[in-house]
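Alright, structures below, take your time with them.
The following pair of complexes shares a single chain, subunit A, combined with subunit B in the former and subunit C in the latter.
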Partner chain A sequence: MRNYVLKRLLFTLPMMLAISFIAFVIISFIPSDPAEVALRVNEIIPTHEAVASMRESLGLNDPFLVRYVNWLYDCLRLDFGSSYINHNRLVFDEILRSLPATLKLALFSFILVIVVSFPIGILSAVFKDSITDKVARVFMFLFTAIPNYWLGLILMWFFAIHFNLLPTSGATSFVHYILPAITLSMTYVSTYIRLIRNSMLENMQENYLFYARVRGISEVVIVLKHLFTNSLQSTMNALGMSFVQLIAGTFVIENIFAIPGIGRLCISAIFNRDYPIIQAYILMMGLLFVFCNLFIDIIQTYLDPKQRRSM
Partner chain B sequence: MKRLLSDKLAILALSILVTVMIMGLFAPFFSLHDPLEQNIAFKFAGMSWEYPLGTDHLGRCIYSRLIFGIRNTVFLAMLTMVCTIGIGVVVGVISGYYKGVVDEMMMRFCDVMLSFPSQVMILAIVGVLGVGIENIILANIVIKWTWYARMIRGMVAGYNYKNYVLYAKTIGKSDRFIISRHLLPNIFSEIIILATLDMGWVIINISTLSFLGLGIQPPFPEWGAMLSEAKNVLMSNPSQMMAPGVAILVVVASFNILGDALRDMLDVKGVVK
Partner chain C sequence: MILEVKNLCVSVRTKKGLHPLVSDVTFNLEKNHCLGILGESGSGKSLTCKAVMGLLDANFHLEGEVLFHGKNILTMFEKEKSLIRGKEICMVIQNPMTAFNPLFSMENQLLETLQTHLHVKNKKELLRLILEAFEKMNLHEGEAILKKYPHQLSGGMLQRMMIALCIALNPSVIIADEPTTAIDVVNQVEVIRELKKVRELYQTSMLFISHDLSILSQISDTMMVMHQGKIVESGRAQEIIFSPKEAPTKELISTRLKLIEAFQRCVKECSC
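Right, the complex of A and B next:
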C-alpha cells in the first residue's frame, strides 16, 4: 500500500509541472503588455520610460524559460507577486483570505449531495417505477435542465425576500451558506441520483445477490451492504471529480450570494485584468484537481479488496 | 423516424425547438417592439396586449427581448457546437483513420486538456483574452473539442475494420472517398445525438457567463444577461426573472428530451454523457 501511494505521488509531479507550465503560458498570451496594464491601473501615464522601468521591475525582459523558472521558484516559496490593482496586496494573501469561504461552500454542497442523492438513488432503484421513483425522475429531469444561477435567484427570492427566513448575501455564519449550498448542489444531486439508480439496477441482476437471498439474509442488509457498496465503486470516481468541480463551479453562486470566495476574486480579477490573481487561480485549481484525483485513487484502491490484495 | 414520431414527448420537444428557431430566425417579424427601445414611462408594466410579457426596468418590451435573445442564446450555442464538432471531426477522423504517431500525439494532448477542470479553463481563457462573447465562444470550443475528438476517434476506429471499408481499401479507393462515403455517413447519427445531448450544457454555460457579465454586454438581449438585470431588481420586482429563466429551462429541457429520445431510438452504445 505504501509503495503504491509513493508511486502515485511520484506520478503527480510531471502533471503538476504541466499545470504550472499551462498557467504560465496562458498568461503570456494576454493581448496587452502587462507592464502597460500595471501602469494604467495605477493611473500612471504609460510613457516609454515608465513602461521600460516597469518591464524591468516585473522581470519581463528576461528570456521565456528563465522567466518560467523564476516564476516557478517564486511559486514554490508561495510568492505569487502582488496584485496589479493594489500593489500593497499580495496575491497569496488575497487567495488565502478568500479560500475558506469557497471551501466551506463546496464542502457543505458536497455533504448535501451525498446526504440527499444516496438515499433517493437507493429508494428509486429498489422501488423502481413506484411513486418515489417517478418523483425522483421528474426531479432529475428538471434539475439537469435548470440553470443553477436562476435556481439561486428563485430560492433567494422565496426564502430570503418573500419569507425572510435566510440572509440574501454575505458569509459570516452558517445560515449564510444554506441557500448557496442548496443551489450549488442541486445539479449534482440529480446527476448522482441517476448514477446510483442506474448502477444499482445494473447490479441487481448479479449472482451474488441471488446467493445472498438464498442464504436468507434480510433484504435491507442485502441492499445496503451488498448492492449499494458494489454500486458505490463507480460512483466514487465521479465523486472525486465532483468535489473539484464544486470548488471550481462556486464562482457563479458566490457572485449571486455575494460570498467573498475565490471564484468571486477571480471574476473581479478578470474584470480588472488583474493577471497575477488569474494566474494564481488557474495554478491553484489545477493543483487541487491533481490532488483530489490522487486522493480518490488511493481511497478507491484501499476500499476495493481485489485491488488491495494484488498490491 | 417512425419510432421518433411515436414518442409524444420527443415530438413536443422537437416542435418547441423548431418553433423557437423559426422565431429566432424571423425575430423582427415576431417581435412587437425594438428590443432596445426604452420607454421609461412604462417601466415594470404588467402583461398587456402591447407588452405580452410586460416591460423591464428601462421600459423595454420583455417579449421582444426574449425573441431577439434566441439569436444570442440559442444560435450562438449552436454555432459553438458546429465549430466544436467541426474541429472534433477533423482531428478524430485523422486520428482514428490514419493511427500511428499523429494519433498518439493528438490523443495525449487531448488527455492533458481533458484532465483540467472545464470551468477553470473557461475562466482562464476569458481572463486572458478579456470580456466578450467571442471569447466565451472560443473558450467553450477550446474546452469541448478534445472530448469530441476522442469520441469521434473511437467511432471511426470501430468502423475501420468493417468489411466494406477493407474492401474499398483493397480495390484502391482513395482515403478521401472512404472517409466521405463510408466513415462520415456512419458516424453522422452518433455525432448528432452527442451534439443534441450537449446543447443544453452549452446554452447554460454561455448564458451563465453572460449572466456574470463576461459575455453579451448590455443593452443587447441575451437570456442570461436579462436574468442578470432582473437580479438587480429582485427585491422590488421579482417577476422580472421569470420569463428568461423559463425560456432557458424549456429550451434546455427540450434538447435533453430530444437527445435522450434519439439515443434510445438509434440504440447507440457508448454514447453516455
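Right, the complex of A and C next:
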C-alpha cells in the first residue's frame, strides 16, 4: 500500500510540472504587455521610461525559460508575487482570504449532492419505471437543462424576495450558503441520480445478488450492501472530479450571490488584468484536480479487494 | 412428505400475453430422498427450482401449488417465505465464481447468512458452526479461507463453501442447481462426494438438477426428465438410464454415449 501511494505521488510530479508550465505559458501569450498593464491599472501613464523600468522590476527582460524557472521557484515557496492592483497585497494572502468561502460553499454543495442524489438514485433504480422513478427522471432532465445562473436568480427571487426566508447575498453565516449551495448542486444532483441509477440497473442482474436472495438475505441488505456498494465504484471517480469542479466552477454563483470567494477574486482579477492572481488561480485549480484524482484513486484501490492485494 | 409440487405452471408476462415456460410439473420429495431432474438447457429445470424457492419476480405468473410441509409457498407473504428460503430450503447454485459479492470477505458473507437465519447473536458461536461445516466439506484451514475474498478462491472451493453454508443451516431440502457445470472434472467428483456425504450425515432431502446423466445416476434415487417445460418421464433413476421410454430421454442418453465414444476415439488417436 505504501509503495503504491509513493509511486502514484512520484507520477504526479511531471504532471504538476506540466500544469505549472501551461499556467505560465497561457499568461505569457496574452497579447498585452504585463508591464504596461501593471502601470495602467495603477493609473500611471505608460511612458517609455516607466514601461522600461517596470519591465526591469517585474523581471520581464529575462529570457522566457529563466522567467519560468524563477516563477516556479517562487511558487514552490508559496510566493506568487504581489497583485498588480495593490503592490502591498500578496497573491497568496488574497487567495487564502477568499478560499474559505468557496470551500464552505463547495463542501456544502458536495454534501447536498450526496445526500439528495444517492437516495433518489437508489430508489429510482430499485423501483424502475415506478412513479418515483418517472418523477425523478423528469427532474433529472429539467435540472440538467436549466443553466445554474438562471436557477440561482429564480431561487433568489422566490425564497429571498417573495417569501423573504433567506438572504439574497453575502457569506456571513450558514444561512447565506443555502441558496447558492442548492443552485450549485442541482446540476450535479441530476447527474449523480442518473449515474447511480444506471450503474445499479447494470449490476442488478449480477449472480451474487441472485445468490444473496437464495441465501434469504433481506431485500434492504441486498440493495444497500450488495448492490449499492458495487455500483458506487464508478460513481466514486466522478465524485472526486466533481468536488474540484465545485470549487473551480463557482464563478457565476459567487457573483450572483455576492460571495467573496475565489471565483469572484478570479473574475475581478480577469477584469483588472491582474495576471499574478489569474496565474496562481490556474495553477492552484490544476494541482487540485491532480491531487483529488490521486486521492480518489488511492481510496478506490484500497476499497477494491482485488486491487488491494496486488498493490 | 417434505415438498409436494402440484401442477406447477410458470409463464412469463409479455406484451402479447402470458407465454408458458413450465407447464404441469408435479413431483414429491420425501425425507432423505434425492430427486434428480434431467433436461437439456432451457427445458425449465432451473425455473422450476426458482419457483419452488419463491424467487420469481412479478414478471412471472405462477399457477399450481408448492407445498412445503403442507403449506403453500406460492401464496405466502414475503415475511413467511423468508423464514423458509435460505433456511429450510437451501440452494447450491451454478457459477460459484460469481456467486459471492467481490467486495466482501467470505467470513462477512457467510456470517451474514447465518445471522439472518439463526437466532444466535454470538459471532464466535456462528464462526464455530461454519468451521465445523468446512471440516466436513474437506475445507481445511478454514480460518484462513474465511479471511479471503471470492476472487482468491477456486470455483471448486467456492462451490464447497456453498454446500458448507447449507450444512451449517441444517435445512430440510437442498436444491442443487447444476452445481458441477462450471467447475473442472476433479472438483466435480469432489462436489458430488460432498453432497452424498451431506445426505448420509443429515438425511437431507435433495433436488438435484443437471444435464449430465452420469452425475445424476451417481446421486439420485428417482429421476424425472424435463423437455420444453414439461415432464416427459419419471421413475427410478436406474430404470430411466438403462431403459428410457420417451424420445427426449433416449436422445439425451444417446448423445451422452456418442460423446463418450468421440472422447475415447480422441484418446486413442492421441496415444497412437
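Everything below uses one rule, namely that the second predicted complex is superposed on the first by the 311 of 311 C-alpha atoms of A that agree within 3 Å, B and C clash if a C-alpha of one lies under 4 Å from a C-alpha of the other, contacts with A are read in each partner's own complex, and residues count from 1 in each chain.
Here is the rule we go by: contacts are C-beta pairs under 8 Å (C-beta built on N, C-alpha and C of every residue); 3 or more make two chains touch, one makes a residue touch a chain.
Only a predicted model underlies this, so the values are computations on that prediction, with no experimental measurement involved.
With subunit A as the common reference for superposition, the partners subunit B and subunit C occupy compatible, non-clashing space. Look at A:Leu112: by the touch rule set out above, it reaches neither subunit B nor subunit C.
In the superposition on chain A, contact of A:Ile22 is made with subunit B only, not with subunit C. Contacts of A:Met156 after superposition: subunit B is touched, whereas subunit C is not reached. In the superposition on chain A, A:Ile267 makes contact with subunit B only, not with subunit C.
Of the two partner chains, subunit B is the only one that A:Ile256 touches; subunit C does not reach it. By the touch criterion stated above, A:Thr144 is placed in contact with subunit B alone, subunit C being left untouched. Within the superposed three-chain model, A:Pro31 lies in touch with subunit B and out of touch with subunit C [touch as defined at top]. Between the C-alpha centres of subunit B and subunit C, as viewed from that of subunit A, the superposed structures give an angle of 90°, to the nearest 10. Number of subunit A residues touched is higher for B, counting subunit B against subunit C. Put simply, subunit B and subunit C get as close as 19 Å, counting only Cα atoms, in the superposed view. The residues of subunit A lying in touch with subunit B in their complex are 15, 18-19, 22-23, 26-27, 29-31, 141-142, 144-150, 153-154, 156-157, 161-162, 244-245, 248-249, 251-252, 255-256, 266-267, 269-271, 273, 275, 278, 281-282, 285-286, 289, 293. Subunit C makes touch with subunit A in their complex at residues 53, 55, 82, 85-87, 90-91, 93, 95, 98-105, 112-113, 116-117, 149, 151-152, 162, 165.
Considering their complex, residues 206-208, 210-218, 221, 225-226, 229-230, 303-306, 309 of subunit A touch subunit C. Within the complex formed with subunit A, the subunit B residues making contact are 112, 115-117, 119-120, 123-131, 200, 204, 207-208, 211-214, 224, 227, 230-231, 234-235, 238, 241, 244-245, 248-249, 252-253, 256.
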